Structures are given as C-alpha cells and as structure tokens.
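Here come two complexes built around chain A, the first alongside chain B, the second alongside chain C.
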Partner chain A sequence: MGILKGAVTRLLKLLAVVLVVSFLTFSLTKLLPGDPVVVLLGPQYSNVEVREAVQEDLGLNKPFLTQYVQYLGNVAQGDLGRSYTSKFETTELLKQKLPATIELMLLAQLVSLTLAIPLALFSAFRSNSRTDKAITTASFGLISIPGYAFAVFLVWLFALRFNWFPAIGYQPISEGIVGNLRSIALPLTVLVAGLTAVYTRLLRSDLISTLQEDFILMARSKGLPTRYILARHALRPSSFSLITVFGIQFGTLIGGAVIIEQFFVLPGIGSLAIESILKRDYLVVQGVVLLIAISFVLINFLIDILYTILDPRVRRAGA
Partner chain B sequence: MLTADTVHDGALLQVHDFRSYFDTPAGIVKAVDGVSFTLDRGDTLGIVGESGSGKTVLARSVMGLLTGKNVMRSGSARYNGIELVGASEKELRDLWGTEMAMVFQDPMTSLNPVLKTGRQITEGLRYHLQLSKSEARAQALQLLDSVGIPDPKRRISQYPHELSGGMRQRVTIAIALACGPKLLLADEPTTALDVTVQAQILDLLHQQQVERHMAMVLVTHDLGVVAGRTNHIAVMYAGQIVEYAPTTDLFANVRMPYTQALLHSIPKLAQPSHTRLQAIAGRPPDLINPPSGCRFAPRCPYVQPKCNSEMPPLQESETPGHLYRCWFPVGTEAGREALAHNTAAGMPAAVSITQILADPPGGTH
Partner chain C sequence: MTKYRHRSWRRMIALMTGLVFVAAACGGSDDSASTTEGDEPASKPTKGGELVFGAESDISTLDVGAAAQPADKVVTLGLYDPLMTYEDGELVPFLATSLEAGDGGKDLSTYTLTLPTDVTFQDGTPLNAEAVKKHFERLQDPTTACPCLDTVKAITNMELPNGPTGDTVIFTLASPDVAFGDTLAGSVGYIESPTAVAKYGDEYKNNPVGTGPFKLAEFVPGDRVVLVANPDYWGKDENGIQLPYLDKLTVKPIPDSGQRVSALESGDIDLFQTADTPTVKAAEEKGFSAQKISGSSSTILLMNNAKPPFNDVRARQAVAYCTNKDLINERVYEGIRQPSYSGFATDSAYYNADAGTPRFDLKKCQDLVKELGGLKFSIVCIPTPEADSVLQLVKQMGEAGGMEITLETQDQGAFVARMFARGGDYEGACFRSAQFQDPDAIRAGLTTDDAGNLAFYSNKEVDKLLKEGQATADFDKRKAAYDKVQEITGEEVPLITTLYDLFGNVYNSEKVGGLPPGEVNSLGAIKPGYIFVASSK
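Now for the complex of A and B:
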C-alpha cells in the first residue's frame, strides 16, 4: 500500500511539473520576436483587415492567459492545434516524426546498457588491470569527444570511404528492418559511444566500492562462483546511480536529437522542432516541447519506481 | 584434484609458520608473521588480541578469502590434509561453505541489503548441494529455526534491514552452517552486538558446534568471551602468537606479560566504582617495521635490554602444550626480578602492575 500511495503523490507532483513546463513554453513562444502571422501571410501582412481576421481566426487577439487556458483545454482533449504553416494537425506531425526519434533513443539506451554492464563488471572485478585501464581510458576519450565531431568522422569513414552505411536519411521499419537499421547505424553509433562511456565509468566506480563490502566477502565465503556473485550480489546494489543517470540521459538524448537528426537528416522530433521554430510555427513547437516534457517526466517516474524495486530499503522509507 | 581424506588423525586444521603480508605503497605490512597452531575436530580455538594484532587477517587468509595482487601468503595451512596456501580459487571455493565457513563481525554489513534473507541462505544450498527450490526453502526454514529465529516463515521473506542486529547475526550463522561445514571461523561474532545478545549468540555457536561436531576458531578481543568456551587459546600480538595454551592452563599460569596485561584490562564488577581502568599504555607496533626484538617490549612492564635486541622464541613452559614468547615470563624468578627492577626504576607500567599484583582489586586475583 505504501508503494501505491507514494506513486500517487509522485504522479501529482509530476503533473505539476508538466503544467509548469507547458506554461513556460507557452509564454516563451509569445515572448520571442517574430509574429507567426507574418510568416503565414507574407506580403499580405500589411493588409490590416486580413491580418486581424487571421489573428481572430487563430485566437491570437485574446488576452495571454485566456489563450493559455484555451490551449490547455484543447491539450486535455488531445488537440495540440494545427500548424500555422502546413495546416497539418500537430498531433499528426508528431505521429509522423516520433518513430525515428523513439527508435533511435531506445536503441541507443538499450545497446549502451548492454555494452556498459559487462564492461563495467569486468573492469571493476579486474580493477587496475591492463584491460581495465584500456576500458577506462577509452571511455574517457569517448566522453571527451563531442558527438557531432564523432559523427563527422564516422560519416567520412563508413559512408564516404567504405560506403558501408548511408550518410543521411531514414528508412522506416515498415520498409524493411535491414534497411532501417542500416539507415540509423551511424547516428546510433554516435549516441551509443557517448552513453556507453558514461555508463561504464559510473557503474565501474560504484561496483568497485560495492566489491569492498562485507557482504561480498560473505558471499565469497559461501563458495559461490564469481560470476554469480558479480551478477547477483554486486550489480544490484551498485546500480542506483546508474539508473538515475539513465533516466536523465533520456532528457539529454532528446536535446541531442536536435543536432543528430539535423546532421543525419532524420525525420524526427528534433528536426520538427527546428523547422517549426524557424517558421515561428509556435503551436508545433509547444506540442513538441510538451511531448518531450511529458515523456521525460514519465520516464523518471518509472525510474523512481525502479528504485523501490531494486532497493528494498527505499520501500520502507516510504517515498 | 585434491583429495580430502588422506589424514585420519584428529587434526582438522594444521597451520605452520603461516604468513600473510600486504604489499602497500608504504611498505610490506606483516599482518600475520609466522603463526603455527593445530585445531582438532570438534575443538574450539580462541584467538585473542587487540585491534590490529592480525587475528582477523589470520582467520580470513587461512581460509584464503583475501585475494588480490598485493596479498602474499606463505607457510602452510592444511585443512584435512589439503594445503590451502597456494591452492587455486577454484579449489578453495570447493571447500568454502561445505567444509569451512565464516561468521563475520558485523551483521549490519555482512548481509546483502537487497536480497531476502531466505535467498541468502538457499543460494549456497542450491549451488553446493543441488537442492531444488522447495527443498532449499524447507532446509532454510529448518536452519532458521535451529538458530533460534522465531517465525522463520515470515523472516525468510524479509530483507536484512527488517531484522534486529542479533537476529541478523543468527541469520549469518544459519548461512554459515547451511552446507554443514566441519570448520567454522567466527570473526568477532559478537563485537557489533548489544551486550544482552552477545551471550545468546555465543551459546548458540557453542550449541551448534556440539550438535554438528564442528571445529571452531573463535576470534575475539575479549578474553572473557573465550574463557569458558574454548579448548585452546592463542594470544596474538603484532602478527605473532605470543602465548598458546589449553584454556584452563592459560588462565591459571599466565606466562606472557601481554596476556597478563589483557587480563587486567578487563573491568571487574567487584571493583569499586570509579576505579581507573587498566588500559595497556601505548599502541601496537608498526607492522611494516616491527621492533627487532620482542614486539611487545616497547609497552611491557617487564622489559629488559635483552628484550629490545633479541626476539624471544615460542618456548614450552613446564606445563606441556603451554607455549609463550618471553625472556622474562610472568610467574618465574626471572620475571619477578625484571618487574621488581623496573618498579624500582619507577617505570609507570611496572609500578601499576606491581600494585595490582600486591593488592588484587576486588580480591578476585
């Protein structure tokens, strides 16, 4: 029961976060210079009647707070508004652009964890060995290189020189999984390199301190195999900061998506955000930011729940 | 592959000239420096010494638990004829849990906080004895019951933080006993517990030991703990055994000034309140550069010039089996003269011991 109650209060808090974010983006887009009506009308903007008609039509002539409340009401009904420029529903645009971003992000996170956990286990168990030093140095190097620089290098090597992978573009999964994976191989590699490096270093240092614990010595004195001790006794108590950062990295990834998607010309949320900002298509921008905020908040809510599953002591502390 | 049944005499654990050194940036720490003893099946050996005397390192490294590139073990430690020094991790692991097991000092840290107590008992059973899940569970319930945990069915699905300190130590004992070891190494099993629980845990260990005909090494800093519960006592100081004797003989005929000082440092109920505690002045020596003579010499009330230059060997007293490492042993003419000489010279440690010997506090000594 304690867990459920904690979850409910946490959800309410998260709802508040989403509200604040939506308000801030709403105000921010109003504060930014440039009027969407200019973009929409072009030269016709000078015609006062037409301009006011359009403003009336878009609801832009109403007071700020009224606009916001109206927007919220629509959002609650699943209506994020219509793009000023393309006349598409924002939800429709998001639906089109989401698959590429989600695929890239989830794959990047999964692949990074899958690589980082064994690397960190090995590195920590054989700490200060040559392999450990190699892993640590490599991950340090990968953290230091900015993603876009690494991207340039990858494109030069694997797309231009060897022609193994396409340099740009995205093929949806519906058109064939192999082509799809080939199309995201390079952006995925860029993301995975950075993430794996961060996760490996983090988990390694936590594992090293866990391996000093008495309960590890106790587990060894039971005669259990080393692999079992690492996997069953050491990994879980060492994973708390890893999963915290794992959750935060979703946020960083969404931010990073803007650069990566632009660079590799992927039709994702990041590209959509940039296009819409440049066109002053504020409703779409708001939609994108709101979606990002909600997903980030939800992911971290799940991470909080994961904590209580991983660490029974958190359960008793009762949220 | 090593075979287990080559030795048929009573000795279960034979330790000879055993050393355990640590290579540190500051130098080589000689934590255990030439220790020998023999433990028979079903017997109990108490290893006594103050913090830093090497007793915990001795217990852990005899078992082979201390690994790492900077750990250097030498000499010999034979369990049931099997040489443990130089044995591979795999060979040692086959003995851990099933032949020898350890109870650690602090049950707050020796149980894994994120695993249920039941699992921590059953994992060894399932791995070593290939029990099924339900068999292992039944066995775990029985073990918890035998170590005096009420309502084992509830406890088995609880996490360590839901149990009290005494309860947790009972669980670690159940874990150690799970696969039926012949040798139990208990490393200060009561130090971290409330005084009221200490006796219960010691009684439990003793009772289990008798029931299972298990040999036990009981490591402690408290002579009172080992007094009634051991067959032999080894007193350790600065990585060496300085006195080794059958328990009754040790208390009747203390030879080593260090043991005497340890005995007098135990507060007695019969003493009037506000009696000054008899601490042993000074600190154990640096184990990187131990004194070249007797290692206790810098703190010893009996110290003579010879003590600082020549290390006394372990020699047998007139009672067979009673070994000590001293040039001027307590209770001998040489010892009395040395103490009288130091007292006359006004050495504080000697004066205080002389006073105690002349006027035993509370009349118990």
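Now for the complex of A and C:
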C-alpha cells in the first residue's frame, strides 16, 4: 500500500514538474532574441506588413498566455504543432529522430554498467593492487578526455586507418542489425568510455567502504565464497550512488548527444534540438524539451521506485 | 529582341548558413562574375550509378523561391528546372524556350515568356502558362513567406494570350527591369506542379514536385534527402544522352567540416561542398579533386552609416585603410583567396578597377583616427571559427591605427533577426555579400531604405544611378552607371568587402567522373543532373 501511495504522490509531483517545464520552455523560447519568421523571410523581415501577415499565419501574433493555453490544449491531445520552417509535424520529427537517440542512450547505459560493475568489484576487492591502480588511472584518463577529442581519434583510427566502421551516418535497425551496430559503434564507444569511467570510480569507492562493514566481516567469517559476498552482500548496499548517478546521466547523455550526434551525423533528438534552436523553430524546440523532460522525470521516478525495492529502510520511511 | 543572351542577371538576396549575408556591396557585378576552376571532367559522361553528396548544412527547404544555401540549391536544382540559366556567363533559356522584352527589346517592363509544349511535371501535370502564373501568384502571397517577395511583387500582371493551357505568359512589371531574366534564373524561376500544391497545401514543402531531372524519394530532415532519376525528364546532354546521368543521389548534411573530409576518406560519401578554404586545401593534400568556385560574394564588414561613429565618412574610411586584406588572406585562408575591393567579381564586365576603394594604408588610417579624436566601436558577428579569426585580425589592425574595437558574438538566430529587422542597433557587423551575375544585384544593398540595405547607406545620386542601371539594357549606359556607383562607394565606403569567397566541391575522382560548372548566381552549387560517376576501370 505504501509503495502505491508513494507512487501516486510522486506521479502527481512529476505532472507538476512537466507543467512547469513546459511553461518555462514556452517562455524561454519567447524570451530568446530572434524570430522564426526571419528564417522564412530573410531580408523581407523588415517589411512590417509581410512580417505581420506571416506571424498571423503561424499564430505568433496572439498574446503569450493565449498561445500557451492553446499549446497545452493541443499537447494534451498529442498535437505538438508543426515546424514553422519545414512544416513537418513535431511528433513526426520526434518519431524520426527518437530511434537513434534511444538506441544510443540505452546501449550506452547498458554497456557501461556491464563493464563498470565487474571492474569496480574487482578494483574494490583488490584495492591498491596493480590492477586496481590501472583501472583507476584508466578511468581517470577517460573522464579527462573530452568526448569530442576522443571521437576525432576514434574516427581516425577505426574509420580511416582500419576502415572497420563508417565515419558518419546511422543505419536503422530495420535495415539490418549488423549495419546498425556498425553505424553506432563509434559514437557508442565515445559515450561508453565516459560513462564506464564514472560508474567504475563511483561504485569502487562505495564498495570499498561497504567492504569494511561488520556484516561483510561476518559473511567472510562464515566462510562464504568471495564471489558470493561481493555479489550478494556488498553490491546491493553499495549501489545507491550508482543508481542516482545512473538516472542523472540520462540527462547528461542527452546533452552530450547534441555534440556526438552532430559530429557523427546521427539523426537524433540532439541534432534536432540544435537545428531547431538555431532556426527559432519554437514548436519543435518545445516538443523536444518536453519529451526530454518527461523521459528524464519518468526515469528518475522509476529509480525512486528502485530505491524502495533495494532498500527496505526507504520503503519503511515512505510508509 | 532582347533575347536573354548577353549580360547576366540575378538578384536573389542570399540568406546563408554559417555567416549571414545580404547582397549589399559597393559595386555590382554582372556578366562573368563567377568562375569555376579545378579539375574539369576528364572522362566522358556515363549514365547510371549512384553517389552520396555531403552537404554543408541541413536542407532547410525543398520549396521554390526560397532556396539560398548551397545545400538547398543542389537539391532544388535536382527537383526543379529554372526558367532561365547561365551558360558560360550568358543568360539563356533553360526550362523556358525563350524570354523576350517587349517592343523589340526596348520595353523592359514587359516580358514574353514561351514554354515548351511537351514537358510534364513529375506527377504528370503538364507544364503550361497556367502553371507558371499560379507559381508566381503563390510566391506573391505573403503567407507563402518567400524571401523573394519584393522581387515577385514587381510583377503587376500576367497575361496568357494562348489561354491557360497555352505556352505563353506575358509579364507586366511595375517598372522597367533589365534583370527580370536574371531573376528567373534563380529559385524564383523554379516552377512547381500546381496539382501538387493544391494536393499538399502547407505540406507541399515536404512533397515537392517539379520538372527537374530528379524526383524526391525520401526526405528525413537533418539526415538525408534521397533523389532518384526522373525517367520522363525532358533534358538531354550535348551527346543526346538523357539526363540525369545518375540513377540516384543521396544528399547528407554533415555540419562538421573535418568530418566531411573523413567521410570522403572512409568512402561514406563521394563528394561534398564546402565554403571553408582550409578544408579544400586539406582535401587536396589528401589527393582528392576540388572544383573551386568564386565570384562576387565576399565576407563583408557592415558599418551602420546612419549612426555614430560610422555616420562620419572618415570613420568608415579609417577602418578601410586599416584593414590589411592580404594579411587576413595569409593568416586565415592560407593565401588561397583573393582580396576584394569591390562588390563585383574582378572578371565582371562591370568591375571598375579604378574605383579608388581604399587599400591598406596604416598612415592614412592613423591620421584619420587622430582627426576624429579617436574611434571606438563594436563589431557583432555569429560565433564561427572563421568569423572569429577574421575579426580578431580586424581588431588588431584597427588598434594599430589607434581605434578601440569591441567584438561581440550572437547566435545565428538572434543575429539574423537583429540585422534583418533593420532596427539599426549595431555599429559594425559581419555579413556576406551575394553571388550574382547581373549588376542590378547590388541595388538592394545600396538603395536608400531598401529592405536589403543593412548598412543604412543613403546617397541620392547612387539611388538614381542604380535605378538607371536597372532600367536599360544598353551595356554602355549600364557600365557607365555602375562605374560611377563604384567610384562613389569607393570614396564613401558604405561597407568593406574583405576577401572573395571560395566555394569548393571536393570529390573522390575514383567515384565521381565529373561535375558541371558552378552556378554563377549561387554560392558554389551545381546542377546535380550533370554529375556523373567515374567510368569503371
């Protein structure tokens, strides 16, 4: 019952967050200097009569609040509006761009965790050993390298020298899984490198302190196998910071995706956002931000639930 | 008969990526304003095959009338055919069969356009007088939001003497305009299917139907435009081979210039376009071929002529004397570009080499600054590496002359709006002038109160001369008018042209057999119908 009640309260809070985000985005795009009409009209923009005709046509001449309320009404019905410049439906654009971004983000998170957890376990268990130092140094190095620089290096090595992977472009999964994986291999590597490093360092330090707890000593004295202790006793209590950061990293990934997607010419949400911002294509910008906000909030909502599952104390406190 | 044969024309004001630009310019150009150099097609064109083209920016429009960026141009020149075009610097009919000014060529406010009778749009709609009329009416509607609005509004009447399904349109213009044919050589002259416009309405933009050599197969904004050969295309090359040569052309926007070279190297693309000189050089060093296109367009420094400090001609002259264009060329463009002292290309018949435009002279600059009691101003531009390097140099040079210069950057959306709103809230700004053939192109940038006059320059005599140049087809008279304009602007320096742009179409010659020459009225774009694959070894 407690979990359910908590979930409902959280969901309501999330709804509020989404409303606030939508309002802020709506206001911010209006506050930005610039006007989508200029992109359409070029030098004709200074012709007030023409400018007003186009603004009216696009519904940009109405009072701010009227525009916002109308927008919200449309959003509630799943209509995010049409791009001012390309005339594509925003939902259509998002649908076109989502697969690449989602695939990249999910795979990046999944691969990073798969790599980071064993590395951290090993590193923490054998802390201060040579391997631990090597892992720590490598993580530190990877965190320090800017993604963009790493991307340039990867392209040089794997696309130009060895010609294993394409330097640009994205092949949808529908056109073949191998081609698809090849096309995202390099951008994925850039993202995974950074993430794995963060996760490994984080989990390692938490594990080290957990491993000094009495209950670990107890488990050892009972003669339980090391592997069992690490996986069953140490990992769970050490994973809270990891899970928090894991959720937050989705947000960071979206930010990082802007650069990575532009660089590797991936048709994703990041490149859609940047293009639309430059063109002051407000409805598309709002659509993208809304989608990101909702996903971010939902992911973190799921993570909150995960806490309660992982840690009985949270559950009890909630109840 | 003023059959569009001699001088050239074209005056669409270009709005581009990267920097922002308008056809302002202290001179105009006409004629052979654009040159293409580089590797000419060595092999004979062959039919078939497919290529991938790396564009500099996202394709922002597939509609007629609006294409201005080179990326848009390449795609739209595939989908549509301009009514007129330039061949070796000469304006000639392309989709049209003829264009003649009224009264045996003397009346420049009436033009008779004749169309071929056997051309259909890609959806089967026949090309006829009615289609042309509807095209211009659509562009004249403010809600179409065509940047060409002023240009098409000059058409006051369209008469169809042979009826809607006939082959003739008689245009009446508000005032005599020798550059009307030039207008039709640009995206204003691309004709779209009226059936498709009626069918798709607002969404026509994404479902374009023209008469061009390629049909649109797929358009994913930000990712790709796929063009496939139009099997019913009317055009043939000189050997009678039906165009286009290619079966398929995929255009992929690749915003990062370094990645464009990498993609060419890795074989992900076969050719790409660029306005970035170092990229052309880098690609050539890696063994790729490059077609280089330059003309009248150049990066310019706009000064607000209506507001202190640049309402004082001495201040504008001072900046011009302090600007060492050779040094900019050397430091920023590896010495490949050509310094510009005119709005016209140097090979234009209207280029006035003796216009007296200020050349670098530090002493004169310093004297003027002293006379003014100092000179303090700001320059605003969008934050690109190129603009940044050029403006840093301009700042250093100005400071050597005793000026105080502040550099300001603003993102593209805000900057463009600020400039085009013509609110006058700037002192100095970066911009780019247009690539054009007909000298009338400079009119908008220099005419008092014109929407394209971003420098707020005003000189009654210049206004009159530009009007004269527009209203006559007589070369000598036009030449005299534009020579004088260049002399006046050389003295009054409404703006400063820095270096002529250099556009490159870089290609892998193992895959690409040849490219057509660059469009003289566009920034490095080529007609994709004439691109062909390298013959297999």
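We take it that the second predicted complex is superposed on the first by the 305 of 319 C-alpha atoms of A that agree within 3 Å, B and C clash if a C-alpha of one lies under 4 Å from a C-alpha of the other, contacts with A are read in each partner's own complex, and residues count from 1 in each chain.
The criterion applied here is as follows: a contact is a pair of C-beta atoms (placed from the backbone, for glycine too) under 8 Å apart; a residue touches a chain by one contact, two chains touch by 3 or more.
Being a predicted model, the structure only gives us computed values, none of them experimental.
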*Joint occupancy of chain A by chain B and chain C, clash or fit*: fit
_I'd like to know which partner A:Val155 touches here: chain B for first, chain C for second, both or neither._
second
*Touched partner set for A:Lys222, first chain B, second chain C, both or neither*: first
*Check whether A:Val297 is in contact with chain B, with chain C, with both or with neither, and answer first, second, both or neither.*
neither
*Which of the two partners, first being chain B and second being chain C, lies in contact with A:Val289: first, second, both, or neither?*
neither
*Regarding the shared-chain residue A:Leu310, is it in contact with chain B (first), chain C (second), both, or neither?*
first
*asked:* On the A-aligned overlay, A:Leu211 touches which partner chain: chain B = first, chain C = second, or both, or neither?
replied: neither
*Give one of first, second, both or neither to describe whether A:Ile135 is in contact with chain B, with chain C, with both, or with none.*
neither
*In this superposed model, does chain C or chain B come into contact with more residues of chain A?*
C
*asked:* Per the contact definition in the header, classify A:Arg232: touching chain B only (first), chain C only (second), both, or neither.
replied: first
*On the overlay, how many Å separate the closest CA atoms of chain B and chain C?*
48
*Report the residues of chain A in contact with chain C in the complex, numbered from low to high.*
32-35, 37-47, 49-50, 53-54, 57, 82, 85-88, 93, 96-97, 152, 155-156, 159-160, 163, 166-170, 262-265, 267, 271-272, 275, 277-280
_chain B residues touching chain A - in the complex, by the definition given at the top_ = 60, 63, 65, 89, 93-98, 101-102, 104, 106, 109-115, 123-124, 127-128, 159, 161-162, 172, 175-176, 178-179
*Residues of chain C touching chain A in their complex?*
13, 15, 22, 58, 60-61, 66, 68, 142-143, 145-147, 149-150, 202-203, 205-206, 220-224, 252-256, 258-259, 262-263, 265-269, 410-418, 420-422, 444, 451-452, 454
*Which residues of chain A touch chain B in their complex?*
213-215, 217-226, 228, 232-233, 236-237, 310-313, 316
